[in-house]
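Common to both upcoming complexes is chain A, partnered first by chain B, then by chain C.
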Partner chain A sequence: MSIKVDVKLDCKGLACPMPIVKTKKAMNDVESGQILEVQATDKGSIADLKAWSESVGHQYIGTKEHDGVLLHYIRKSGDDHEAEKKFEQTITNEEVIDRASNGGIILDVREEAEYAFGHIEGSRSIPMGELENRLDELDKDQEIYVICRTGTRSDLAAQKLAEKGFTKVVNVLPGMSSWNDDLTKKI
Partner chain B sequence: MTVIKMTAAEVARKVIENQSLFILDVRNKDAFEDWKIEGHSFDYLNIPYFDLLDGVDEIIPQLPTDKDVLVVCAKEGSSLMVAEMVSEAGRDVFYLEGGMKSWSSYLEPIKVSDLTGGGELYQFVRLGKGCLSYMVISEGEAAIIDAVRFTEVFTNFAKEKNVEIKHVFDTHLHADHISGGRHIAEATGATYYLPPKDAEEVVFDYTPLEDGLTVKVGASQIEIGALYSPGHTIGSTSFIVDSKYLLTGDILFIDSIGRPDLAGLAEDWVGDLRETLYRRYRELAEDLIVLPAHFMIIEELNEDGTVAKRLGDLFAENHGLNIESEEDFRHTVTDNLPPQPNAYEQIRQVNMGKITPDTDEQTEMEIGPNRCAVR
Partner chain C sequence: MSNKVAIIASNGGLFDAYKVFNIATAAAATEKEVAIFFTFEGLNLIHKQGMQQLPMPEGREHFAEGFAKANVPSIPELVEMAQDMGVKFIGCQMTMDVMGLTKEDFIDGIEVGGAVTFLEFAKDAAPTLTF
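Showing the complex of A and B:
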C-alpha cells in the first residue's frame, strides 16, 4: 500500500552522497512535522539517511522497498519535544491496553507513515492534521485514548476533542517513542 | 590544493611496508566501528560525510600536515566530495578510488617461499577482508587453495607465470566470503575439490576431497596432501604442501582458532575442533609453517606482508591451543563468540550453488570483516 506523505523526493539512480545532499536541501522546504518520502536505489542510503536524520534531529520513520526502489520516510523535526502538556486526563503507556479493552479505543494521531511503521494492534489512525475533518468517525460516548509519539500531538488532539464535545478523552503518556510492547506494521 | 586518487593497491603497499597514513573515514559511525582499513601505522578520524555538508572548517585543524591524508567512504562518491572540500580549504588530500568496496576486493599476491625443484608458493592477501588464498606452482602447473571470488586475479597470475591451473581446492564450505574455486575450475578445466561432508547440499559436480588424498603439481616434485581436520565445519580439511607448509583453512589461525558455529552446529562440532587442534595437529612436525585461510588483526601479518608462522610456535603462543580443560575449551568456543559475518547464511547458499547473486549483491554480502575466529 502507498503511504500518504507531504513531500516526495526522487533520488533514484543517484549514488552516495547525492541522496543525502538532496534530502538535506529538500528538507528546507518541508514544514515541521511533515513527512518527506525519499525514493532511492542506493542501498547505502538506508543506513546513511537514518544516521543523518538522527544527527540533525529529524525523525527517521522507516524504509520499505517497492519494485526495487527504496522508500525512506522522514518526519521533519517539530516543536513537539519539550512542549508543556495541558490536557489533564492522562494515563501511562502501561495502562492503556487494559483500559481500552473495556469498550474504549486507542486513537493514534501520528502521521500515516509513522503509524504504518509500527502501532499498537487494534489502534485507529487519524493524523492530528485530519482530526477536525474526521470527527464524525468517532463516537462521543466512547472512551478515547489518544496517543502519539511523545505526547504532544495527542495533548493537542485531546484538547480539540474535548472542545468538540467528546467527554471521555484521555491522553496516553509518554507515547509511542517509549512503547516497549509489540508493534504491528502496515507497510 | 590538489585532490589525488589513491588506489587500493597503493594503500596495500602502505600497510605492508608499514608506512604512515592518516585516514579520514567519512562513512557513518556504525560502519566505521564495524570495519575499517587497518594498518600498523595508520591514524584515523571518523566523521560521517553528512555531518560535513555545511563545510569542513571544523575538522581541518585535526588533519595532520606531515603525512598523507586519505579520505575513505563506502564507494568513492562521498570521499571525493569531502576531499574536494578539504582541498578548497588549502590542503593536499587523497581519496580512495572505489572506496571500501574496492578495498574489500583487492588481493595482493606475496611469495611465501620457493619450493622443492623450482616450485613456488604464493599467498594472496585480501587485506580488506582478511581472506588468504594460495597458489602452488611447479613445472608449468598450478594448484589453488581457497580462492576468493575475484577469479581473474588467479587466472591472470597463472598466465603471467605461464602455468596451467590443474587443481582447485576449497578447504571447507566458506561462510564469510564467496568462493571463486568452482568458477576457476570451470574456466580452466581444472579439477574442483570440496570436502564431501560440507558438500551434501551443493548443486554442482565436484571431486570429493578425502583424507589422505594426494595430488602432484608438475611432473613429480611438489605434493599436496589432504588431512581431514573437522571443527570449523564438519568437512574442514587441511593440506600439507611440499612437506613444509600446513594450510589450515579456518581451523587454526595465527592468533586465534576457528569458530564452530557458522553452519549452526557449535555444540556438535566443538569436540571435532578439540580433536583436530589438540590431537591431529599435535602429531604433525612442529617445523611445519602454518598458512591459514584468514587473518583477523593486522598484528598477524609478518614484516613481508605474509601471514605465516611455525606450528611449534603456535603451540606455544596461540591461546586457543593452550586451553587444558575440555570444559574450558567448550566454553571458549561456544559461549563468547563474536557476531557472525555479514550475510553468512546467504554466502553459504552461494557457495553451494543454490543462489546466484549479481556482482553488486555479492559485494554487498561480503561487506565487513570475516569473523571466522574465536580468540
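Showing the complex of A and C:
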C-alpha cells in the first residue's frame, strides 16, 4: 500500500553522499511534524538515513522496498518533546489493552507513516491533523484511548475531542515510543 | 558532543579526493562544522586545473567505469557542494611556498593559513581525520 506523505524526494540512481546531502536540503521545505519520503536506490542509504536522522534529531520511521526502490520515511522533529500535557484523564501504556477491550477503542493520532510501521493491533488511525474533519467516524459515547508517540499530540487530540463533546476520552502515556508489546505493521 | 569535524587532506589522487569530500559533505549535511586542511599533495584537490583530472592509483584505472556506473558525482561537483554547505577549505601556506603556488592557483573561497590555523579549529573537533 502507498503511504501518505507531505513531501517526496527523488534520490534514485544517486550514490553516497548525495542522498544525505539532498535529504538535508529537502528538509528545509518540510514543516515540523510533517513526513518526508526519500526515494533511493543506494543500499547504503538505509543505514545512512537512519544515522543521519538520529544525529540531526529527526524521527526515522522506517524503510520499505517497492519495485527495487527504497522508500525511507522521516518525520521532521517537532516541538512535541517538552510541551506540557494538559489533559487530565490519563492511563499508562500497560493499562490500555485491558481497558480498551471492554468496548473502548484505541485511537492512534500519529501520522499515517508512523502508524504503518508499527501500531497496536486493533487500534484506529486518524492523524492529528485530520481529526477535526473526521469526528463523525467516532462515537461520542464510546471510550476513546488516544495515543501518539510521546503523549503530546494525543494530549492535544484528547482536548480537541473533549471540546467537541466526546465524554469518555483518555490520553495514553507515555505513548508508542515506550511500547514494549507486539506491534502490527501495515506497509 | 563536538559539533566539528576536522580533516587533513595530504594526498592528491582521485581516491583520496573522494574520501575527503564524501566525508566532508556528509558531515556538513549532518549539521557539523567542517574544515579541511590541504597540505602537500592534498593541494591538488583544490587546484583549479589539477582537480579536474586527478589520477587514479596505478593499475586501478579500470575503476573509472565503476565510478561512471555508480553515478558518483565528479570531484568539482562535490567541491562545489561542500562549499555551498559551508565547509571551510584551508590551504597550507608553507606547502604553497615550496611548490611556488599562490592563492590564485586555487578555487575561489579558500583560506590560506599555517598549521596553527588548522590546529585552532581542530582543538575541539571530534573526529579529526587524515587522508
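The working rule: the second predicted complex is superposed on the first by the 187 of 187 C-alpha atoms of A that agree within 3 Å, B and C clash if a C-alpha of one lies under 4 Å from a C-alpha of the other, contacts with A are read in each partner's own complex, and residues count from 1 in each chain.
By definition in this document, a contact is a pair of C-beta atoms (placed from the backbone, for glycine too) under 8 Å apart; a residue touches a chain by one contact, two chains touch by 3 or more.
Bear in mind the structure is a predicted one, so any value in this text is a computation, not a measurement.
Aligning the shared chain A places chain B and chain C in steric conflict. Shared-chain residue A:55: touches chain B and chain C both. When the two complexes are overlaid on their common chain A, residue A:20 makes contact with chain B and with chain C alike. In the superposed pair of complexes, A:47 makes contact with chain B only, with no contact to chain C.
Within the superposed three-chain model, A:164 lies out of touch with both chain B and chain C [touch as defined at top]. After superposition on chain A, the stretch of chain C that runs into chain B among 27-35, 63-71 or 99-107 is 27-35.
Within chain A, the residues touched by chain B in the first complex and by chain C in the second are 15-18, 20-21, 24, 48, 52, 55.
The residues of chain A lying in touch with chain C in their complex are 13-18, 20-21, 23-24, 48, 52, 55-56.
Within the complex formed with chain B, the residues of chain A that make contact are 15-18, 20-21, 24, 43-44, 47-48, 51-52, 55.
Those residues of chain C whose C-beta lies close enough to touch chain A in the complex are 22, 25-26, 29-31, 70-73, 81, 85.
On the side of chain B, the complex with chain A involves touching residues 28-31, 48-51, 53, 73-75, 77-78, 81, 364.
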